[in-house]
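Think of it as A, B, C and D in the order they're written, each chain with its own count starting at 1.
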Amino acid sequence: MGKFRRVPVGIVGASGYGGVQLVRLLMDHPEVELVYLGGESSIGKSFGDLYPHLAHAANLPIEAVEPEIIAHRCEVVFLSLPNGLACQIAPKLLEKGCKVLDLSADYRFRNLTTYTNWYGIERSDRTIAATAVYGLPELYRDRIAEAQLVGCPGSYPTASLLALSPLLKQGLILPETAIIDAKSGTSSSGRQPQTNLLLAEADNSIAAYNIGRHRHTPEIEQICSDLAGHELMIQFTPHLIPMVRGILATVYATMSDPGLVRDDLITIFSAFYRNCPWVRVCGSGVYPQTKWASGSNLCYIGVEVDPRTGRVIVMSAIDNLIKGQAGQAIQCLNLMMGWDETLGLPKLGFYP
Amino acid sequence: MGKFRRVPVGIVGASGYGGVQLVRLLMDHPEVELVYLGGESSIGKSFGDLYPHLAHAANLPIEAVEPEIIAHRCEVVFLSLPNGLACQIAPKLLEKGCKVLDLSADYRFRNLTTYTNWYGIERSDRTIAATAVYGLPELYRDRIAEAQLVGCPGSYPTASLLALSPLLKQGLILPETAIIDAKSGTSSSGRQPQTNLLLAEADNSIAAYNIGRHRHTPEIEQICSDLAGHELMIQFTPHLIPMVRGILATVYATMSDPGLVRDDLITIFSAFYRNCPWVRVCGSGVYPQTKWASGSNLCYIGVEVDPRTGRVIVMSAIDNLIKGQAGQAIQCLNLMMGWDETLGLPKLGFYP
Amino acid sequence: MGKFRRVPVGIVGASGYGGVQLVRLLMDHPEVELVYLGGESSIGKSFGDLYPHLAHAANLPIEAVEPEIIAHRCEVVFLSLPNGLACQIAPKLLEKGCKVLDLSADYRFRNLTTYTNWYGIERSDRTIAATAVYGLPELYRDRIAEAQLVGCPGSYPTASLLALSPLLKQGLILPETAIIDAKSGTSSSGRQPQTNLLLAEADNSIAAYNIGRHRHTPEIEQICSDLAGHELMIQFTPHLIPMVRGILATVYATMSDPGLVRDDLITIFSAFYRNCPWVRVCGSGVYPQTKWASGSNLCYIGVEVDPRTGRVIVMSAIDNLIKGQAGQAIQCLNLMMGWDETLGLPKLGFYP
Amino acid sequence: MGKFRRVPVGIVGASGYGGVQLVRLLMDHPEVELVYLGGESSIGKSFGDLYPHLAHAANLPIEAVEPEIIAHRCEVVFLSLPNGLACQIAPKLLEKGCKVLDLSADYRFRNLTTYTNWYGIERSDRTIAATAVYGLPELYRDRIAEAQLVGCPGSYPTASLLALSPLLKQGLILPETAIIDAKSGTSSSGRQPQTNLLLAEADNSIAAYNIGRHRHTPEIEQICSDLAGHELMIQFTPHLIPMVRGILATVYATMSDPGLVRDDLITIFSAFYRNCPWVRVCGSGVYPQTKWASGSNLCYIGVEVDPRTGRVIVMSAIDNLIKGQAGQAIQCLNLMMGWDETLGLPKLGFYP
């Protein structure tokens, strides 16, 4: 009978968009059972109070966040909390033997000084942080499979790194020329009401924000530096565009070898992602649309070369809430549990 | 030289969407000069702090709301405040000789008991309220021209009443069968951040709200009762739809004379609005789109008859922030000042 | 081994939005295997040519429509074709023993004269049409289970009938007072390019169309007449609103017994749909949003009573492409095959 | 009395979005009278047939395109036609003494070989093309004032060049590092129905297109080369985003002097545009939104420096149909006629 037992899973911080996606996806996952939802601000409510349309399917109570009790009931815990909170809870859960997947920035950085510089939060859990693995399976599949603690990437870094990794890893570009111009739907900014996120303000408009100082910058740079083999700075500019879901990262870089043509690069990208079920490299002349990815855990990558300028332009399209957040965390869970990497994850977007 | 003097005008409550439209339209009005902007919460800021893109054109300071001082500087004052505040300020302005146009609900009701029942606000200014004229020029042009105090209609009542008035006035329908199904862009709900107004929540969704208890119901009923000559109750249902601007009211009623055909009614509507420069009755078989009205002070009306059911269906499309709010107030101002009713108002929408 | 064999299924007319949803949902259905896609205009292409983002998952060729060959390969065939074509193909498929689910209007009408009057298409297949069952499982579950030919409802009738059925069936309203004001996303109008469906035209706008003469009217009336026990005419008005997916039907009717209150009606609706896994009756004071249903096969129903006017107002929200089209067809398939009614269908929307 | 005579103006090609904006703006222009609308495909219709909501205000007939007759009636002619047609009509109009403003690409290029290479259209009117002035007033005000023939810029070049000009003119950047990542609403793609422009396809999605081969590239490069004083190639990538109006160009370049800080550059930009009433340089830390510009002829420019990477990032926001098309053409007209550059043009956007 044991083989049919589902793994008990909990979510701390289930009220935001990351939380609701985790709930939705985990409800459909064949090997897990969602047994705990926690959150300070909503204690006493049920999940159906926060999202009435899910009351029929996922009406768990929102409980207090007591690590001992959580650890007693859950084998795996997802943390979907504001930055600076996961690092207070994760150590206690790890100590009790839980596997932990953190969706905040707390466990994304090898170098906690970088974290403190960019997030303004002091940290004292250096030893534990050092055990965390960066949860981008396309780059760190084997290490994730061994990890007890995974720091899941941000949505912008996911799109950006999947576009840049083959280029950096194989030395195809001059790294310091890399520019990422990213465009995101507003759900990336969360469910807390803010004037600039109102439909009346955000619809029919686009603007950049936090140029050169968005907190996803050091996260992108950390991994790019790894891939390039030396410290890098990357130009990263996020924009909010009038749509709910999706990120498109348009990446520019000067090629080391200006003789490479588009099909060369598509071949290289396709080889790089050959064993990656969640990355689709588009054919020659095809550019990805974010709508293709919406609702799925897929990343679509388009590759173009401008022979006039010697630059490669890579476009990467994801659903910011799935491959950019909840879906990727579950992809990591699948690896940590030794399951198939695609288990329980949507592979066909809900187009249109 | 006096003939070139512009009339000094002030706005109390300039920070919301009603305020910003008033500012925009009054800046372009040939006969007025905007000399005062007031608002408690933004004192010390400039209008350009609230709306940076207008800083070059309309960078007045936001000043304290002191009626004596306002009256000293302004001949005309627009009040664009939450319900229950205008009735505290207007009497003082009137006493000093100002003309006052109130955009809240405070001066829309002849019967203050109705106001108190629906708005939960006690009132003691019965005498002054009795002098207020309901600011729908298509029905009350002459009285507005004589008024010192105008209570400007809500946006839903504007669209609804322009659709219903010819039918009720001429006894063409069974009044108790009238149903108004109205659809509004989210700017009608204002600029205060609320979760349900976020783009991520409101985009790609529609829902009804406040059925049978929306506060515009008694306002619609008051005028309909006037037109019909007896007390009426009207079914009114508002919906929020995923767009910024515009209201479409779809009105249903059973015809008194089931023999009337579409062209009869179009003729009747056209005659009713013959002298109304801001109402356009569409030709036979043409239904109005809200986009046509966006950016203008126009109301487009489409008329249809269903000979199978004996019902008339009237559609009325306006820009909720212009004909439904700021533009209509200026239309009233034009009448109050003896100017041409169209002065300073946009007559061509910004389509697409 | 036979018990693990999947049922071979085909789709004729796979290129539109109905087709792409059928493909997406059937790919995820545990008991079927998609073995055939047909369509005249796209012969020689693959499905991935039409929808590049699905090329990795569903890259079947688009084949010619030869009923003999289709019937040889498929046990079940979905027809997703313009009106007037299914009735030419279905008889041949039925003769060969296929089960047929038609998504067009061809098999929705018991009375083919009505069909011919509203669709302008002559029909000679009266005998076969008489065997068709109307594919609304909430009303005709048992008959669908026995059917070889199902005429799947239109999207507007699905939303409208789920709102009206309990009221009519139980004599709670004066039927002739029923008015349906429906609002749909533009995907209901298909993928053929038309000026009025361009984003630049349809965004930030709303308009009604085809009042009193939309072809879904007689379909709604046919079923309502069945439920009421006598011939009825229903006022039906569709609107296009600026969103991709979703229909909200707002239904008005005068109650037979004006003493009924909201909770009475919610109790009645809940009882009526007790055994319907795809209908959710909202709690007291909760109105459904179409976003709740988007991506799922659910219909959310909200019930309100206006004690002032004696009317009941019912709101019904569906995903027009799922419960309103492809999902409902699969729900019917499940019944026809004796499977669980929920098999292979999404029960959690992709909110936000 | 002659001083009150309005200048008679005609538009050839009035049916598209460029045309409807020209009509709308010229109707409000105090010094011109719109006397002629021409277009082959709509002959015999009236403008109100194409845009019913403007029938009350601008119901001119659409007439045949006969240059002799046009020239007889009009002093000024706007050509809003597909590429390759203006160059067949303009010479005849010029010969008869008309001033001509062409909104297509036909008269944007000094070097017709470039035009032919990128547009695939042979040209034989070299002499006349050589007299055309590029209609970007912020760069070529004096030459426009003298011109009889103006080739109005494309919408992407307008946004891009206003961002780049101060940098190139003053040698502040390494020109070959310049990258333009541009995002446009779908109205830039016109009113002809195409599948990818349908709301159901384009809403909630973003994609790049024509990377390295968009026809606005050589137009941008021509002017940039002028400014830099030597031949340049510029990386230009356009994207379609889900909104109706607006373009944001985000421009990246490495600074020649890495010691420059943000406020230095804002000072330089402000000085550069000091006499430009239609350009607004944002204050320190303020980034422009396209919504600010919507409905106006303004270009909002934001300037940022990333001291980490040594790059300057400039954002430029315009209404693609006004400053990017019809409004700019009228701005040129004002200069050509010796009128104030701001005459008849909207200076306050219709926010929100």
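As a convention for this text, a residue touches a chain if its C-beta (ideal position, glycine included) is under 8 Å from a C-beta of that chain, and two chains touch if they have at least 3 such contacts.
Composition by chain, UniProt nomenclature: A, B, C, D = N-acetyl-gamma-glutamyl-phosphate reductase.
Please read these numbers as outputs of a predicted model, since none were measured by experiment.
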Least hop count linking subunit A to subunit D through chains in contact: 1
Most distant chain from subunit B, judged by the mean position of its C-alpha atoms: A
Averaged-CA centre spacing for the pair subunit D and subunit C, given as whole angstrom: 46
Whole-Å gap between the CA centroids of subunit A and subunit C: 36
Centre distance in Å when subunit B and subunit C are each reduced to the mean of their C-alpha atoms: 39
Residue numbers of subunit C (touch at least two other chains): 17, 185, 187, 191, 200-201, 203-204, 242-245, 288-289, 291, 294, 352
Subunit B residues touching subunit A - in the complex, by the definition given at the top: 17, 185-187, 189, 191-195, 197-204, 242-244
Touching residues on subunit A, where the partner in the complex is subunit D: 176-177, 179, 181, 183, 185, 200-201, 203-209, 211-212, 233, 235, 237, 239, 241-246, 248, 250, 252, 287-291, 294, 302, 304-309, 311, 313, 315, 317, 352
Residues on subunit A engaged by subunit C in the complex (per definition of touch): 17, 20, 24, 27-28, 51-54, 56-58, 187, 191, 203-204, 244-245, 280, 282-283, 286, 288-289, 291-295, 298, 300, 347-352
